[in-house]
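In the two complexes below, chain A is the common chain; its partner is chain B in one and chain C in the other.
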Partner chain A sequence: MERGEYMIPHDFSYFRPATLDEALDMLSEDGMIPIMGSTDVVVKLRARRLKPKGIVDLKAIEELHNFSFSKENGMVIGAAVTMNELIEDHPEVKENYPVFYQAIKKVGAYQTRNRATVAGNIGNSSPAADSVPPLLTYNAKLKLVSKEGEREVELKDFFTGPGKNILKQGEIIHSIIVPYEGPSIGMYYKLSRIKAVDLSTIGVALTVIDPDGKRDIRIALASVAPTPLRVFEAEDFIRGKELTPEVVEEFAKIVQRNTSPITDSRGTKEYRYEMAYVLPKKILRELGLYKEVS
Partner chain B sequence: MRFKYVGQSIPRVDAFEKVTGTAKYVTDMFFPGMLYAAVLRSPYPHAKIKKLDVSKAKELKGVRAVVTAKECPYKQGIYLVDRPIFATDRVRYVGEPVAAVAADSLDIAMKALDLIEVEYEPLPAVFDPLESMKGEILIHPDLASYDRLPIYNIEPEKNVFHHHKTRKGDVDKVFEEAKERDDVVIVEGEYTLPQIYHAPLEPHGAIAFYDFEGKLTVWSSAQSPHTLRHLISYAFKIPHHKVRVIAPYVGGGFGGKAGINMEGIVIALAMQVPGKHIKLIYSREEDIMATVVRQGMYAKVRAAVTKDGKFLAWEQMMAFDGGAYAEYGTNVVRAAGYTTPGPYYVPNIKVDSYGVYTNHLVGGAFRGFGHGELHWAVERHIDKIAQELGMDPLELRMKNLLKPGLTNAMGQKMHDHSGNVEACLKKAAELIEYEKPSEQPKDPKKKRGKGIAALVKAPAMPTNAASSVIIKFHEDATVTLQVSIQEIGQGFNTAIAQMAADALHIPVEKIKVVTPIDTDTNPYEWQTVASRALWTVGNALYRAAEDALNQIKNIASQVLGVAPYNLEVEDDRVYIKYDPETYIPLKDIVMGYTYPDGHAIGGPVIGRGSFVPERLTNLDPETGQGNAAAEWTFGAEAAEVEVDTETGEIKVLKLVGVFDAGRVVNPMLARGQIIGGMVQGMGPAVFEQITYDKDGRPLTISFTDYKIPTIADIPEEMEADFVETHEATSAFGVRGIAEHPMISVPPAIAAAIYNAIGVNINDLPITPDKILKALKEKGE
Partner chain C sequence: MVIKFTINGDEMEVDVKPNETLLDVLRNKLFVTGPKEGCGNGECGACTVIYNGKPMNSCLILAPEADGAEIFTVEGLTKDGKLHPIQEAFIEENAFQCGFCTPGFLMSAKALLERNPNPSKEEIVEALSGNLCRCTGYDTIIKAVKKAAEKMGARS
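What follows is the complex of A and B.
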């Protein structure tokens, strides 16, 4: 690119602090926004939907790159860990959180996942965020930090609307904490117009914790409500029940009843509503947890 | 002609340039002191401009020019001059240019846009072509006063920018009589498709420079450098010799870069600041919103068919959603009109093809040029007839093919050399194993099926669309070929070099096709459109080669003392036919021959050849009879799909395309073109579409929302094959296949879906929700 041609037609300052304290200082000012992989932010900047005074790039902060896993403390994903690092460098993810692993593999394209982070996906707070439904089923928590201090919140309490969340000015997601509750199986079923590089028309994460023991079924969905949606009512209903066709049918109906989809360029309200009923059943069937009577 | 290079899969001549990134596109070009342009666009689909004040923008530091319709009150259009470069009193679509700024940087230009004050008064808008034809909201009240080619038939009170009529035989009589006949059925159906986007890799871009003597130079990602020059000359009232268009490589056009497009905006700016280059490269959003898209279409078909499957009468009404301006799109409507009902013989045909203005994005040329649209209706309808007759759809097609001796809708008689649709269908059926039902997957929720469809398309062009070629020999007997067909990725420069090598009898390595195209130095070419390049340029090339060879032989004849007809050129020499060992090296002839004593004869050899289509005529405006088509390319396509009956997801497992290419010049490139075209046809079949919100604002204006197939979506199996029926109107026996592979993929997929799950989807794209809705209606 030569003089005069910019991808982002907007003046802003760019900072890349090396420490968290510095970053939090900068972010406490009005008009400053944090970035990680910026796979969402740059799109918004180009479209002039976001006109920040300054951008604070958090990627140079060492502690945000931490990843750890233990059965005692669960998985802790630093805000700067990219999706491809989770997929390729940390086999613990696939082994212990298979539904989450499946979901992040379906985000964007390989190149996107080289940059995109889970913290960014959560911070962007799109109802279509693929990483979120599985994290909801795994009871994930967030560590939020700001100049004023830190707090821990449940992921389910984080979102307040499309693109909206409880983060205050100057507050960032420091890490994602995913408890380990035992072995799990499950599926993230993503329907989209094309098979890669697309946002979900609907995404359903169904996780079965301890499938051979207590068999705790959990379900959360993307793109069917103003925020990612975990359906506790359906989980309560199915808990402890034998998976007969009738039970599964009712389970799927409860899931569906809890959704409030809209029509957009990716799909109609009616189709999403229908799929909110079809996919829970389909996933349970494909997992081999029940058979349909024909 | 003997073919040594034609027919060989030689690698692309531009391959190195392109993979190493040294091939230059408009966006790669920079000039000292260049200014950058940005465009202010309408946020409304239909509104009056009540106030437009650019004074604050002009005052911003770094802004060099601001233009609106006040400075640039011109309209443009190839067939119908209806598209203003800047909106005048009203805007007619979301994205229409209202003002443009040139500034020292793009940043400043965009800041200046924010300072332009516009007040709009929204007007009632219309988005459906049938609704628009009621004429309650007139989008172009002054349509009757617009300049247009006389072959276009406007109906201003109905928002119709062209009404094509075909009247062959007596359709009404057949339908009337059919009521009394118990051996004839009448089948009716409706078919629709939405607007779609070309999605070229390279968005539109242009640079303009106006010098102090009034000469204009434009660098553009243009498919049609000469026609662009002509249209610029017309719109801006500058004589042709003072307009120079330079067209470097184009990164995909698919029709969207044909004619004139966004160039007028930078030209208008350049004329305000002579001596400065102004650059405008469209963002993807602008490329989708503000160039052209494929028109949408509604079609209604009625056919009378005997119970044993003979078509007696075909009536088809098409209403094209032409968007806010027609321009190039007028001819899409006409071509779709005169080609209906495709590759089938029907003795009685009535077609009404309407191009209708709406407040949607502007419709225009798109690979297939109306044929994807007409065949969607025709091929789906044939499937419907087959279902009603209880007949196999392939068998029904076979019974009604347009074969030699029969006449098409225009009354043109087919000849043995006109192409063989039957052979194409047979081959496609073989490749998809049509006779063998799909193997069904273990999962009972998933169903597979196969479908087949045929097609025909002739170049849609004016009767006098001309081509020319200049062959220049150099001192070492290498050759440059000057021809103004644009290399848009299709491989033209490679194929024409192969043809030139065979026409000149010299090695292909000795030929270089001149790039970029420069209208100041290159000979005239109408446009790089209509799948006509090898056919039309081939004919001009044949003459140019003959001219060059004659010059060589005439010189050699004097030197060797034999008649020119006893001489032959081969590789690096010209020799005597009956004594091949007596020869002169070509390099000693092509600059003129110099005798040992120093005196010289002849001169540099420059071959010149030109061509216009032979014996074409305009169509009778009332009946559509005449010679509008110079040659036809027939084809057949087939698909196998898998449908998930729970989610409605469609997986295209296999696509097959077979085309009668006349003679395949480069099998590797031709195969690439077919596979690319089938993928481009698959997108709109199953997901591609431009959608709007209820107020007419386009929703799919970026690749986040407008999806095209990726490698993950395309079928694992794709097969391309050819039939080669020598084309008698071509010196090389060739005909085009460029657009064709896209045309009948959607109906083949729709037929496969019917074969899999027994439902007919007649409204593109065939999305999962439509599948589920149809399954529900069917009671499954």
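What follows is the complex of A and C.
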């Protein structure tokens, strides 16, 4: 590259409003896009997959940096809170949402997580988004705001396809609301070609709410369908049943049957399909919830 | 647009375009060439700088975002011609061959030792997992960070 050439090939304008109202005004114009950590957006700009007229940087808006947790109101994560802030500064995350904590620790690398936000991960709407499957199992909701007003939607209803979602022009994710339904255990199992800085070939979040009481098992997957996928059918099947090898076998088969993986640079559809059956069983075994008959 | 930031403690004012990255500006406008462009996609860590106290990939930061930031690069490690203990440790442990990745590793290592002066091997591996080295391998780098922690502990 010659000196003076730019890595990002086209021009756009840049704004950093200090208030949400100003930001929403700017974003209501065609061709304007919001950024937070810009870890996905800059990559897309360089690859010419995004050609905005202008970029509205939301990081200076104070209210988007809020984080709160209480057992009554659950966890509220402002759109500007970075993944490392959730991992390092808010012990409530690890304590009350362990599967979500495990998943965000597997996003990118340490440097990425100092910039990347959960709202950005959701807004980017990749089927491989690691933060999403655990949030689906915890019944997360999103507060969306635009100049026209605000609305609350279920995370499960947010995605419409790879990179696609229900956000309208000028509408942003303001915060992520995660109800607290009791103590939970579980695992986010990510298979990728290398341990760090890779997208998931497949990601499986299995969460058990109230493991010593009603033992509500929930499961959601990344990279096996056009959108992150929660498999309610498998949850309904296993609810209240004793975890015998036969029940777990059927549970894993239902999970697998609900996936529709594709082949790409990270793995084949056959491999993903097989892993969608293997991993749910493996996680239940590693959590000590059942033993295979010897 | 004109932005202001500090690099290794020096205040700078520089005219940037929104489609320049911080790495573009550091290397091409300010000739701060410690941070390298490897992949340009946040995967290799060669462009790592310490940004407001935290290691980040400068290739993923738009230049205007850096207005008001405090930026630290490998150029700031050496004081009055004297190498930083982390640099000494990298030399003593032969923790580099071609050296292209080294400024990034030094930044990740410095940020780690600031937040955790006595890291375990696992913590070192995690902190360096965003930095790729294609010739040395990682054993000597991990040893160097461990040694740097000892040197810095002994000096403080």
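In this text, the second predicted complex is superposed on the first by the 291 of 294 C-alpha atoms of A that agree within 3 Å, B and C clash if a C-alpha of one lies under 4 Å from a C-alpha of the other, contacts with A are read in each partner's own complex, and residues count from 1 in each chain.
One rule holds for everything that comes next: a residue touches a chain if its C-beta (ideal position, glycine included) is under 8 Å from a C-beta of that chain, and two chains touch if they have at least 3 such contacts.
Here the structure is a predicted model, which means the values were calculated and not measured.
Using the contact criterion defined above for the overlaid structures, shared-chain residue A:195 touches chain B and also reaches chain C. In the superposed model, A:274 lies in contact with chain B only, and not with chain C.
Once the two complexes are laid over each other on the shared chain, residue contacts for A:242 go to neither chain B nor chain C. Touch criterion met: A:84 reaches chain C, while chain B stays clear of it. Contact with neither chain B nor chain C is seen for A:72 once the two complexes are overlaid on the shared chain.
When the shared chain is aligned, chain C comes close enough to touch A:57, but chain B does not. Of the two partner chains, chain C is the only one that A:42 touches; chain B does not reach it.
Of the two partner chains, chain C is the only one that A:16 touches; chain B does not reach it. Contacts of A:114 after superposition: chain C is touched, whereas chain B is not reached. Annotation: chain A residues 3-4, 6, 9-11, 43, 46, 195-197 touch chain B in one complex and chain C in the other. Considering their complex, residues 1, 3-4, 6-14, 16, 35, 37-39, 42-43, 45-46, 55, 57, 59, 84, 108-112, 114-115, 195-197 of chain A touch chain C. The touching residues of chain C, counted against chain A in their complex, run 1, 17-21, 23-24, 28, 37, 40-43, 45, 48, 51, 54-57, 59-62, 64-65, 67, 108, 126-127, 129-131. Across the complex, chain A meets chain B through its residues 2-6, 9-11, 43, 46-48, 191, 193-199, 264-268, 270-271, 274-275, 278-279, 282, 294.
Residues 30, 34-36, 38, 104-107, 110-111, 281, 283, 285, 444-445, 646-649, 687, 691, 699-700, 702, 704-705, 707-713, 767-769, 772 of chain B touch chain A in their complex.
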